[in-house]
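Below, chain A partners chain B and then partners chain C, in two separate complexes.
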Partner chain A sequence: MTAYILNLLVLISVYAILSTTLNFIIGYAGIFSLAHAVFFGIGGYTAALVAMHVSPEFFVAIPIAMAAAAGTSLLLALPALRVRGEYFVAASLGLQVLAVTLFSEWKSFTGGIGGVIGIPSVELFGYPVYKPWQFLIISLICLAIIIVIIRTLVHTSFGRSLKAIRDSESAALASGKNITVIKTLSVVLSSSLAAVAGALYAFYMSFINVESFMLDTSVLVMAMVIIGGTATILGPLLGAGLLMLLPSALTYLWFLPQTEIGSIQQIVYGLAMVLLMIFRPGGIVSSHPGGGK
Partner chain B sequence: MLFLQLLANGLQVGAIYALTAAGFSLIFGSTKIFHFAHGATFAIAAYLFHFALAGLGMHWTFAVLLAAVSAVVFGILLDRLMYAPIQRHEGSFFTVFVASFGIGIVVQNLLGSVFGRGFMSVATPLSNSVEVIPGIYLSPLNGLAIVSAIICFAALHLFLTRTFVGKGMRALSENPELVRTFGLSPRRLSTYAFALGSLLVVPGAIFTAAGTGINPAVGHHVMLISLAATIVGGIGSLRGAACAGLLIGVAENLAMWKLGTQWSEAITFAILFFFIIFKPSGFFGRQTVS
Partner chain C sequence: MLRGKLPFIAITASLFITSSANSEEIGALFPLSGPNATYGDIFMSGADLAVRHANEDKMLSDDLSIIYEDSQALPQQGVVAMNKLVNVEAVPYVLSAFTGVSKAISTLAQRSQTVAVNGGGVGPDLAELGEYFWNVIPLANNEVGALVRYAVNDLGHKRFVLVYVDDPLGESIQKELEKSLPPLGAELVDAHSIASSAQQFSGVAARVRSANPDMVYVASYGSQQLQIVKQLRDNGVKAQIASYSAFSVPELQQQEEALGSLFTTQSIDWDSEDPITKRFVDDYNAEHGKNPTSYIANYYNAVRVFALLAQDLEEQGKEITGANLLAQRKATDTFKLVGGEVSFQENGTLLAPIQVLEVDGSGSGKVVFVNTAE
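On to the complex of A and B.
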């Protein structure tokens, strides 16, 4: 039972990192991405390969994974700079679909459908970390650092510029904001932090394959941000907790057919998205009660 | 030979994509609602057609009728019960998109729970392929799909240019305020747009159910394709959506010639990505960047 709860908590903190970093671009920059799982994946694969071939040291693998995701994220920044709204959603969808094909076809990097197996346990200053509770502590520390980074950024002039661009791009441009640099930086930052979640996930599972990085994951993370509440710190955390606990909670409802749990979970969060958009578009933890962005 | 075969398949698939994309484009153009659940309409029509024909053993005319009615009713219900309340208080692009996406997820999983998650296809006398010239296999369904797409487009064109309601729908896409001043109700025209747009998925849904087969994710797939076609063709341009749908269908099939099947979706999205970065207004679109 302890093992079960620890496992759930580690996964919740990994997904909380994903939802917090996605919220940074959805909530504050107004960049609506459906490609977050791509950077999760790049982080995971890169960290796995570094650990297997270079060094299993945490402080070696994580920066390299972040750099790889940051580089790739420029592909996402490119359309984000040129177009808004529906076009960008479509572009990020395109990137997600392309990435899934590459993840399952580029066998030397990702191991294809079979995935990467036998990822060595990560080392922290030379000490191997493999027990679930050690992982939980590391992931919670990473989550806390990421929250502090994002919270701090949002309250600096950079964060205010982001919100200005979200609310009116032409007004921000008119007041002399360098939109190109600000938008690119926010996408790069969000993606490289998502790679941290990928690396943690790869080390924790010691096996990864393309199934964890598909469109479904992007949609799940998006649902966490939206259901929890965009442009808040607490919202994405709450969303991650709720949606990760949902499958386990559903198994306690004895009258539900156990084989349908996956479907029922998706139906529940699909319906939650619809109802929230009609009645409370800001999410559960709404930064503008009674409506707003 | 393989090239010609793939080209023929591509034209059939392209015709289906073109119709579905035209429906999406019609709804998006005239109401500005990003109707992501359009794929769900497609899946519902396809599953009900399959169920009526294979499950209940109905005559095919009734099955077609059932698919058409359910698609239209589903479209109108979404417009009235979901989009109208959202648009009443705020209706930003983001809110509409998320709600629509949510419905898509719900429908996909409900269909999976009710009808099973596997691939299903219903055999009709028209589905059997015959060797037309050596090495090329075609079924009457291939031709029928293309012919019905042409008929639908001709009818749609006449409707939008000759009838009062059709002209109203085009006016709605240009200037909703003027439509109101003129004494027409944008709300009612929006319902018509949903009814007509949803009706356009029916031929595609039927031919897919009777041909290559359906699974619960078919709506999602079709939606991604029509979204790509709408943008590549230029938002608001039915002609563009149709051409782009055809192009994507053919490209997807020709991709199998040199690469594997697994690359077909990636090819579509590579085209889309390219267009969004270099020519966001599409083939025939108005300038809509930023």
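On to the complex of A and C.
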């Protein structure tokens, strides 16, 4: 039982990193991206390849994975962020679809549909980390560092510029903010930190394929942020915990047939989103239940 | 407040409810919801029938039962469910389905010394997932050898063209054709890879036609293979079409353009008088009002393999663990399963006879050649 709970906690912490990094651009910059799973995937594939062909050392694989995601996001964000609001949602959706095709077809990098198998355990100063409790500690430390980075940034002038853009892009532009640069930097930072989650996920699972980085994952992470509460630190953590625990908790309800649990899960997700948008649009952890910031 | 406590309440309640006395439990990771749930239902029907038969025959001292977990055919859900089966339910044997899920759980199976058994995927890379991962289904590379022998020796075909999906299965079929055709005096004159999402094949068809083959081997699956067959014919390709067990789906069997095509499956004679096969077919028919398919037989066999091994372990007074099941499998030469007596190869994959069938519009195909297991 302990190993099972540890496994769930590791996955929750990985998704908490993802939702926290997505919250940085959704909650503070107002950039609704449906392509977060792309950078999760780039981090995972890059870390897997580095571990298999160069070194499984944590301090080698993770920075390279972050750099790969940052570089890719920079290339993509510059043109995509020239559009605003709902147009960026559409652009990010296109990027997600494009990335899934690349992940499926670029076999030398991703193993194609068959994926990458036999990813070695991550090493910390030469010591392999593979036990769930060891992995949980590493994941939690990464999560804590990422939270500190984001919390610090939000309280700097950069963070205030992001919030200004979120609240009114035109007003921010009129006050002399370089919107394109600020938005691009926020997407690059968010993507590179999301790659940490991808790398941890790849090391923990020992196997990755395109099925873990599809649109469903992007939507799931966005749901974690919205249900938990945007522009808060606790909200994405709570959202990740709830949405990762829900399917497992449902399997323990003996009166539900196994064949219906997936459908019930979807109904619960849908209902939770609708009810939250009606009664608490700011999410569960929101200081402004009406949705105002 | 209640929302936060729900998982705790549920877990606590289940501790009292799911534990059952006098039951030998194994696990199953099937897609029970989502777009692939149909497969889960199919696999369950075979596994449940095997459990019923094992309990009717009192093969084990305790009743056998299966704990089903929903993998949704997705790797992550598969790993979470496998963790539950291994660490909470402590089952020694897990039925698996779908290549992504099977690969994802194989590391955990190896580390926890839990046997995982595939009865649905046919990608040859499934034979390389460690000694705790078994396949009770012959993999696609085994099917290719049987087909080319029949096509070259009996039909006199010499020139082959391959149209294949760019994935491990397609690549393995290409390698198998390149390896098996030259010794028979035939050749693979051209090979065209296609994306798994592609639906337009007129360009491929034109190149296939210009290669002037005697046979076109199609290595695809799902709705895509229907499109390939149709567009090959629409674009004037007259050569005989061939494929592996993916062609056994009803939609293709009824497709007019596919008539005369060859395909391969594991050889099971549904009219056999072999008592195990006959009982399986009769009881399945009585319960479901239709004939079983090879998928159903495979998961029946997967459970039956466990029952036979566990029975042997009980007779020897040994505990039923994954490690003991593996050792007993290695010590057992042959297993009497649905379809006849079969054996496992060193890599944990079943060695079974393959049959070549022709699409004749009957819905199940006409057997034209049976290749014994090698």
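One rule holds in what follows: the second predicted complex is superposed on the first by the 287 of 293 C-alpha atoms of A that agree within 3 Å, B and C clash if a C-alpha of one lies under 4 Å from a C-alpha of the other, contacts with A are read in each partner's own complex, and residues count from 1 in each chain.
The rule is short, and it goes like this: a contact is a pair of C-beta atoms (placed from the backbone, for glycine too) under 8 Å apart; a residue touches a chain by one contact, two chains touch by 3 or more.
Computed from a prediction, not measured in an experiment: that's the story for all the values here.
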Task: Check the residue A:N7 against both partner chains and state whether it touches chain B (first), chain C (second), both, or neither.
output: second
Query: Does the superposition put A:P63 against chain B (first), chain C (second), both, or neither?
result: neither
- prompt: So, A:L78: does it touch chain B (first), chain C (second), both, or neither?
  reply: first
Task: Using the superposition on chain A described above, determine whether A:E260 touches chain B (first), chain C (second), both, or neither.
output: both
Query: After lining up the shared chain so the two structures overlap, which partner does A:L98 touch, if you call chain B first and chain C second: first, second, both or neither?
result: first
- request: Determine, under the contact definition given at the top, whether A:P120 touches first (chain B), second (chain C), both, or neither.
  value: neither
Field: Interface residues of chain A shared between complexes with chain B and chain C
entry: 101, 104-105, 260, 263
Message: Under the stated contact criterion, what part of chain C meets chain A in this complex?
response: 6-7, 10-11, 13-14, 17-18, 32-34, 37, 40-41, 68-70, 72, 74-77, 79-81, 83-84, 86-88, 99-100, 103-104, 106-107, 123, 125, 129, 166-168, 195-197
Complex interface listing, chain B residues touching chain A: 34, 82, 85-86, 89-90, 92-99, 101-106, 108-110, 112-113, 224, 227-228, 231, 235, 262-263, 265-266, 268-270, 272-273, 276-277, 280, 288-290
Query: Quick one: in the complex, what on chain A touches chain B?
result: 32, 78-79, 82-87, 89-91, 93-95, 97-98, 101-102, 104-105, 169, 219, 222, 226, 260, 263-264, 266-267, 269-274, 277-278, 281, 291-293
Query: Given the complex with chain C, which residues does chain A contribute to the contact?
result: 1-4, 7-8, 11, 101, 104-105, 107, 112-115, 117, 205-209, 211-212, 245-254, 258-263, 265
